[in-house]
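Here come two complexes built around chain A, the first alongside chain B, the second alongside chain C.
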Partner chain A sequence: MSVDPTSVAPLAVTFEALTEPAFWIGVGVIAGIYTLLALGLQVNVGFTGIVNFGQAAFMAVGAYAMAILTVKAEINFWLALPLAVLITIAFGLLVGLPALRLRADYFAIATIAMAEVVRIFAQNARGLTGGNQGISCAEDDPTLCYFNEWREASDWINDNLVFFWSDPEDLFPLLLVVWATAIAATFALTYFTNTPWGRVLRAVREDEDAAMALGKRTLRFKLQSLALSATLGAIGGFFFALNLAAVYPINFEPLVTFFAFSVLILGGLANYKGVAVGAILFWFVLEGTRFIDLPDPPFTETRIAALRLAITGLLLIGLMAFRPQGLFGKKEEMVLGE
Partner chain B sequence: MYADGARFLAPRLRSKPPPVGTGRGVPEAPNEIDTPVMEAGHLTDAAPTAMRGRLEERLRQSPALAASLILIAIFIALVIGEGLHDVLQTTVNGLSLGAIYALGAVGLTLVYGILKLTNFAHGDFLTFGAYMAYLVNVTWGAPLVVAVFWAMAATALLGLLFERTLWGPMRRRRAGFLQLILMSIGLAFLLRAVIQWFWGTEIRSLDVDNTSSVEFLGLRVGETELIVIVVGIVVIAAVGLMLRYSLLGKRMRALSDDLDLAETSGIDTKRVILYTWIFSGALAGLAGVMAAATTNIRPELGFELLLPIFAAVILGGIGDAFGALAAGMVLGVMTEWSTLLIDARWKVAVGFVVLVVVLIIRPQGIFGKAKAI
Partner chain C sequence: MSSPAAKSAPAQARNGALLDVDGVFKHFGGIQAVNGATFGIAPGSITALIGPNGAGKTTLFNVVTGFYKGDRGAVTFDGNSIFRHAPYEIAQRGMVRTFQITKSLAAMPVIDNMMLAAPDQPGERFMNLIVRPGAVRSRESEVREQSMELLEVFNLTQLANAYAGTLSGGQRKLLELARALMARPKLLLLDEPMAGINPTLGKRLLEHMQRLRKEQGVTFLFIEHDMEVVMNHSDRVVVMAEGAVIAEGEPHEVRGDQRVIDAYLGETQEDSTT
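Moving on to the complex of A and B:
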């Protein structure tokens, strides 16, 4: 693809950026999903001091459980959602019970390994998960898909609730629901922080032995923290699945967890409200680079992808070196030290 | 020959676990974390009770011996179930994979032990080494031997560069472990991005002969694979000897054991840290070239190897170089053995499953001492 000399000058931002609502709605959905994932990490890392590197696994378990329950077990979609959350929580507790006894760095490695086990399982247990083709509709009945009920609900929202937009995009209802959930979760978690329960969590983060000496069963609180992030991960997984037409194993690589960590760190540790800001900034900058018209060559598609990865990497390195508390984090509430 | 504090350190270092297979274990005080090896029970069922008690005690004190016995038991069980030929064939395949794991793990474990740095960029060091070899071997058309040395030198330099620009300054600021982990993940992204910028995402391969093979004892081994196995075993032996007998090796292990104690006993820790990065980088580069020669080259090459390498590090006991070497080989062989029992597409999961099981049952590693975990 050579650049048309009559078109825009190199490095100019094309005006397409402003006229493509579908694209930006898509980015907004992704940012909302990552807000949910990173909120889960915030509960664990920012407020309980457990370094969970397995958020992708919670997403995967939630998304696959929902898809399998609706398509294979033919359970109603709205019933399958809470069931899938329960399954993910059970999975989280199963992982947490043995792994939470470990030191923080071992816990991080154990959770990332566990996430890879889940992904490899999804890739290879073809009978249950459809392998690399993923899972979307029943094999014997292509009209029975996991997203059927959601599509109906989505159309209903567009027809009845979106009165301010005559011809809304298909993804618009998902954007509304994702962000409504994310905002509700942000406020709920902020509220919990100031309850006695939230104070114990922070005590565990600051000094587990001291919390134990006060008679708190810290393992129980850590498990609850993990269950909470499993719930948020599972919900993120549902939205991820609804955003796509199928649940693929490739969507749950460790990269997802690392991106969620980038969002978390950008927003700042120990601050729930910063997470959404971090997610929006991160994804709008990362996706916005698509509209910077770089000359090809040397900017081929792979190279632009590499550039985006480099931006993420530099962001992480820069934040850790110069502002480890992120944009809105509190330095005095950081658990980055040992 | 005993410069600095080596004389002081020598007796303490001698009590480090010996390389696996010698049968001599570490005398180790039993404690509550030290779970008795469960498999020991069925191994000793047939033995008379008096001997059994002594053997159990011995196994409890020497997990390395117990691990070797378990490995031998699995080997025998597999031979009975699947036939000697198949088991030996998979063992040979496992040796090349194990050599890659072992060489990747030994550098990672030293960096982990000495700097308390969980280096997620270590996998991308392997990728970097592989692409450096590609540059020399394919783009410039030089022989593979030159490419190997170039890759090792370049990766070692890379390790040194990051120590100077990132890790050293971060240590001086007393950065916490999460800060360092996330920084190393950022670095991994950056390295992969640079590689992807210059070489794209296509799958490439080194200029090696992957078709001809040698046959001996009825086993078929690819020529390249054989070279990788031989080089791997020679280098592993050399690294083991160097760590055990050379002054630098002793110092590295001393730092990994206890940095402050090593410093107070007069070791120039700053220099040893630099050497450790050179050592770790060069071996990662070599492991990367070996992986590239036996499979192919792509930007994800190293990251896919990173978790099994972490598994080897933990299995061997974090900071324990000999443990990492042995555990890498064991893990490689176990991975290939698994193909005898389950479909080969599951074998990538073996490393992770072993990792999770080890972390749960014995987080200090098979060969490690029980410290505070």
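Moving on to the complex of A and C:
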């Protein structure tokens, strides 16, 4: 990293990049994707009381299913999307059926194991997933890529945008679509939560035995909750794949789920509108600290990367200390135990 | 311990019983918690289930309501076998229970606790939210109205929008009972409904039980340690000791039964001194 002659101070932050639209669009796309992932966690953790640590697996299954269906089975991209969602839901139910019988903390461990199984399977099933090289375009036909149809749609959006913005950024259409989806999902989930169906979910969160004693088939509701987060995870996975133009196993490490949990805690449990705010804040801090410029020895790039995570972690710890309910959570709901 | 069959009271008036428990066994490891319990509950009756601590009363409740899977035996409710069926299924058939330690849904408002219990809400099926929103809404307003009426009866109207977790222990007991009634039960199983309630509230609760029986034909089975309540407010008493039913009959019959005095009534005096 070259040291800018103007920045002689030991701790210098250059804010130039912060004024670039590309930076904001990049942060916005990631934040939108994490909004979708954390909304899924909100349904599970915040409203059903099931601790799902396997959101990365739903993303992976969704993204890989979409890429494999398009590139290997040569199914149209737009048809592959709903099919991949169905595959992810089926996968979620398959995992949930045995695992949801476990107690909350054991379910959490089972889901994290499940997510690792998926990722390691993707690393090793080279014929299907391309192993560590991942999937971007078909090996025998480089023009056959899963993102071709999206590129066309994206270009079409930008072609129409030139009336408002002379030179729109490449990723801008993705930003629009990601956030339109995230906002629609936020409204839809808020609506569903305030229905009799959502009331049963909350009852399961509060006391599953009490809900059963009132004639509620709780396993069905827990599976539906899991199916919803699988759907949101798969959609998040699609956007991830479109953002990077490739699907690699490394994109689905447990860290992804932990980041989504950080977003959830930041925004507050049992509140959907906090999720988007939490995601924007989290990614603004994590990406914004990219521009902390420290003298190279001793601060190598890897050390700065670690430092950024440490700063983000400290911020989260500070939040927990002073506002344990998160930005939009309700404190009274946290302290109301039995 | 002699054989459970010899200890069990002979089945009385079992024909036409709303709930029939026949030779139910349940063990945990080496402990035989329910040891061939046999008794019947006539429709429209109020039955007290008494016995010393550890007699297996709550375990029997859990087996009858499906929360524990019984080892063997038979349980018939309203003419259908419900032995080892799922708790939600048994509740849907009209046997609703409360718990010894109240299970209020703490971070949900009182009104939501009530509305949750209502049966036949099409809006509990996800698809109906999309395809039948009208039916969901109209049922919802019906349910809200019924909930408010019941809360009125239990003096909880003012607390309708409060979180259930902010209620006092006694109020939670009342809420749990009111909530169970929202489920339109044929038979209500109450596990120590009077425990922790002040005498005035307790009296109200007992009056409600009598009224519900009279007006709506609800049948009650309740576990109780307060012998005054048992003697004055139940039609029949079932006495359990060591997992089996040792006596069954009208309150005054049971009070004079030597086995009951040996196993329980004598013991309660001992209990109070320790």
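As a convention for this text, the second predicted complex is superposed on the first by the 303 of 338 C-alpha atoms of A that agree within 3 Å, B and C clash if a C-alpha of one lies under 4 Å from a C-alpha of the other, contacts with A are read in each partner's own complex, and residues count from 1 in each chain.
The rule we apply is simple: a residue touches a chain if its C-beta (ideal position, glycine included) is under 8 Å from a C-beta of that chain, and two chains touch if they have at least 3 such contacts.
From a predicted model like this one, the values you see are computed outputs, not experimental measurements.
For A:209, is the partner it touches chain B (first), chain C (second), both, or none of the two (neither)?
second
Identify which of chain B and chain C touches the larger number of residues of chain A.
B
In the overlaid three-chain picture, which partner chain does A:69 touch, first (chain B) or second (chain C), both, or neither?
Neither partner.
Touch check for A:37: first (chain B), second (chain C), both, or neither?
A:37: touches no partner chain.
Touching A:196 in the superposition: chain B (first), chain C (second), both, neither?
In the superposition, A:196 contacts chain C only.
Name the contact category of A:321: first (chain B only), second (chain C only), both, or neither.
A:321 contacts chain B only, not chain C.
Considering only touches as defined above, state whether A:302 meets chain B (first), chain C (second), both or neither.
The first partner, chain B, only.
Could you tell me if A:178 is touching chain B, chain C, both of them or neither one (first, second, both, neither)?
neither
What residues on chain A does chain C touch that chain B touches too?
The overlap between the chain B and chain C interfaces on chain A comprises residues 336-338.
List the residues on chain B that touch chain A in their complex, please.
So the residues of chain B touching chain A come out as 118, 166, 169-170, 174-183, 185-194, 196-197, 200-201, 307, 310-311, 314, 343, 345-346, 348-349, 352-353, 355-356, 359-360, 363, 372-373.
In the complex of these two chains, what residues of chain C are touching chain A?
65, 67, 86-89, 91-92, 96-99, 101, 103-108, 112, 115-117, 119, 121, 123-126, 129, 136, 139-140, 163-166, 179-180, 183
Where on chain A does chain B make contact in their complex?
For this pair, the touching residues of chain A are 45, 51, 98-99, 102-106, 108-110, 112-114, 116-117, 120-121, 123-124, 258, 261, 265, 300, 302-303, 305-307, 309-310, 312-317, 319-321, 324, 334-338.
Which residues of chain A touch chain C once you look at their complex with the stated criterion?
Chain A residues touching chain C: 192, 195-197, 199-200, 202-203, 205-207, 209-218, 224, 270, 332-333, 336-338.
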